[in-house]
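Chain nomenclature is as follows: A, B, C and D, assigned in order of appearance, with residue numbering initiated at 1 for each chain independently.
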């Protein structure tokens, strides 16, 4: 079914793997912090955590050039960090601060950093898919040699835009790498119970895309596969599709304990920790434990600093609520609520 | 790819084939009349003609019980006739008369006859698909042993509801037979140029449906295949999918000359006339030409009578425009336009 | 009469209708776990997974299948999770559900309930907080209900399920937890009738859903200054109680309409225009500025009606 | 100044913008054959199939891809074929295009034009004839244009393409064939400004799109009876020319708003309410009853504004 077999590197280079580990450590630390901040009621709204899924954005984005772009989902912190996002700006946004990525207008579910090609988290399942395709369409029209990586979850394969986007990308041979983060759950529902047919890869293939899948908790495997696919896409082969198998450690949102899942299933998944696995690989490659601890500590320190900065940063002013809507026909309070 | 092979009857029974011929003759006569009425500006609106595609509704609907249901498309006259519709009521509707199927509110694109399970033509491509699935869902909930045949065109396979409907039908194992009328064109566009991947059947199979295809201009072949599939669906096998290859003789609408198509392609298609083919088969089975001419003449006479009746039938009254909207909150002219 | 929350009232009403009528069923994502707001809690256990149906993330098919099933002898209750996701099924709702009866000349009936959790809640930002009653009001074929109390949540759920035409039930997310007396059994939901919450002679204040309480709070303050506001809970957006609103505005000579939705082309415009056409009353509307719902509480405040602005507007009208 | 039809004016404007700016492109179904109304005739021959893109029947992807492409350096012009099919892409238009700039704190810009052939034409019935300007007016982030003349079709197409925010261009299908003088080149579309079509002192009649001419016809008859109507073509639904409308209503003391769309919660309500809030003018609206668009000409008449009803309403206001 999966008709691309990546050429597996014999051994991952220690330096590259260490960089992945750093990225993953940052994501893990960020998600742990976000969870804690939510539980302590220090941030507004909800957060969707990608704890346990860190290897996928790390491995995929390591293969993207600065000019390449990504689209994300409701679960977008990891994608942002892996693409090179600014943790301080993201933390400010989670706190709803004026200095945040979206000036406090978006929050966790609408994190974006257009300066690094991160075209936005999205509150609507599968809505990033046609946007990714459109970004790639623009690249083709403008003669840019960039690639768009489109992240989405296994739950998105039952929405119409999945079909329309894949077909579109294939018809116009657009430079998109579709990356399905298959964590087996869509909110509180096991995706398999709601997904008919032989599987996600078969759907993509029926729409004209070659596919490949990998262990999404093995960052080296993700890196290898994504590397090959991104190169192929950049070479003009048209869109490709990869599936990375993983698991969502936490509940669907920070408000969800995930109690509907079998504790054994969760425990097994946690035992398959992508960070621990990378750590073990790095140890085999001779990287000292102390260096890895230092990487984790550095990530945690960076996040702690981001929190310290964000917690007391200025909130946006009410009148800023009227900015960045539109130029022609911009709103004003006189025609709406109080000033 | 097509994983159902129907058991082909050795020779079609003459009586059954003659009945098909009658159905097709009615459709042909209706479409020819509709085209003429449009050209002569005797009816309002547009019509979408199914000339050349008559064998599909004839062959499929011959296998449906009176309690079974169908959903149709913008090109719905043939489906209605084949399901046993009232030609007089349909003609009245084309004329926008008070006595029409929809009391003049729908026109050609919204023909329906709920009394025979014809759940409506539809002006939105693929919109009949989730409706068909829902009708089948109701049948399952209510413990009815009915089947829903869902007609749609090859252009519909690029719309999201195609995926969502097939997946839904497969997940819940609903009694739906999806019937793709593959006439190779979607309006002025050759569908193949806009449809990526190995084909329509592969898409359905990737969504968990077994598929089969047939020559849609051979009514006996359509009948055989549909017969087998309807039986299987009724037996509780869940949804199935059939593709019937055909060709649209006319333009997309009655306003479209279809000049963008290669004249040879059209000529070849017309040479493959489903009515002529059935006639030849019937001749081989010993049916006299005179009997077949009589069938055609009877159909034409019926349509002529329908026109004669409709042309001078009363138009709806303006105040009828306010009826059949909703019970609670029904509109009135006082709150809208003049009375 | 029993005290209960909105979430409990709506759940009970749905359960009672499902017991009464075997053709009633609910469908949507994650209903088996109770739904996002636990408004389906326990229902799958009682009615089974076929009648409290967990669905794929397929909004178009959820709505479209419900339309088909509604036309064929069942009464589906569609859970949209957040109103905003209805936009993924707009064709199915607007071009199919709302028009089917009419297009087919009365042959089809679409007894469909579309539950839309609406409005601000927990800073969910632009794609999870919209209020679109004005859209549905503009769409022929739809009944549009906006309960503000547990009693109305209960009664309107029942009335919506028994209605033979498609009903949009706008359930404000910040109301789930409020409690009140509910008359159980066979209440008269009086669709199209408003509720007089407070009698007054100086100004008529019309609102619905979450902002009714804000208006009542404002009225209490106004009373201390000798301004007696008549506060009316509209309850239904379509049909709406033109008679009562016009009569009240004729009496007080001043109408103030207050809603959370964007002011521009909001339903307040319909009410103000109708009253202005019919009476000599002065009219004024309060609504949100024409902006997407922002995330930060500091900004989201632009979307919250406050007693202060209502008081100021009422004073201005009375002056 | 050149005489031309609306279809020619809009085609020329698009072609000129495409020549001027290589990032402008058009996408939709069957554009290579000129589009349903021949509004793209010849463009694929000039600009090639990549910039005049034939697409699959995938409304969500058409709109969604256009959003992505607009955020990434191009200026897509989306053809929706009939406004009604926009409902198959409502999430992409409303939750994505309209909100992206705001949600992302100004990082994204969405210079997107959405062409929506609107309103009655050839008895196309309920799913091919809707007018939804009130919906788009209610949706923050959108600019909404309703040209009534070839000159405005030309100028507004150019302005829409140059606008850095999403623009809905409502092109009435019965206007394609009308002709008029067009100032070519770099016209000033004056977005947000209305056009005074006829000066008068007795009553202000505001309309847009197809019904402007109906109002002018009515005004001519009224003038014979000594009633001088001021007729204003609103031109833009958002932003709309509150200043001019209020000034005119203050002068005439009577406002009549006329539109084809359903009256209930139509944009006439916003105008009437605004004027009632701001002035002492009497207000009245004319629009369609709250019904889906019917097929039969005998019924469809309910959706057509007539000079007679405008005259009657104006007389009533003046009386």
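The working rule: a contact is a pair of C-beta atoms (placed from the backbone, for glycine too) under 8 Å apart; a residue touches a chain by one contact, two chains touch by 3 or more.
No experiment lies behind these values; they were computed from the predicted model shown.
Chains touching subunit A and subunit B alike, please list them.
C, D
Work out the mean Cα position per chain and let me know which chain is farthest from subunit A.
Between subunit A and every other chain, the largest centroid distance is to B.
State, to the nearest whole Å, the distance from the C-alpha centre of subunit A to the C-alpha centre of subunit C.
Distance between chain centres, rounded to whole Å: 36 Å.
Just how far, in Å, is the C-alpha centre of subunit D from the one of subunit C?
Computed value for the inter-centroid distance: 30 Å.
How many Å are there between the centre of subunit A and the centre of subunit D, using C-alpha atoms for each centre?
Measuring from centre to centre gives 39 Å for this pair.
For subunit C, jot down the residues that touch at least 2 other chains.
55-56, 58, 60, 84-85, 88, 91, 95, 102-103, 125-127, 140-141, 238, 262, 264, 289-292, 294
Using the touch definition from the top, which residues of subunit B touch two or more other chains?
102, 104-106, 110, 122-124, 158-161, 164, 167, 171, 193-195, 325, 329, 331
Among line, ring, star, complete and other, which best matches the way these chains touch?
It is complete, because no pair of chains fails to touch.
Can you name the residues of subunit D that touch subunit B in the complex?
Per the stated touch rule, the residues are 29-30, 32-33, 54-60, 84-85, 88, 122-128, 262-264, 286-292, 294-303, 305-306, 308-309, 312.
For a test of understanding, state which residues of subunit B touch subunit D in their complex under the given definition.
44-46, 93, 96-97, 102, 104-107, 109-110, 122-126, 155-156, 158-160, 186-189, 193-195, 260, 315-318, 320-322, 325, 329, 331-333, 335-338
Name, in rising order, each residue of subunit D that touches subunit C in their complex.
Going by the criterion above, the answer is residues 84-85, 87-88, 90-91, 94-95, 98-99, 102-103, 125-127, 132, 134-135, 137-141, 238, 261-262, 264-270, 272-274, 276-277, 283-285, 289-292, 294.
Per the contact definition, I'd like the list of subunit A residues that touch subunit D in the complex.
Touch residues, subunit A against subunit D: 69, 71, 100-106, 110, 112-115, 119-120, 122-124, 127, 129-142, 160-161, 164-165, 167-168, 171, 323-329, 331.
Show which residues of subunit A lie in contact with subunit B when the two form their complex.
My answer: residues 158-164, 166-167, 170-171, 193-198, 202-203, 205-209.
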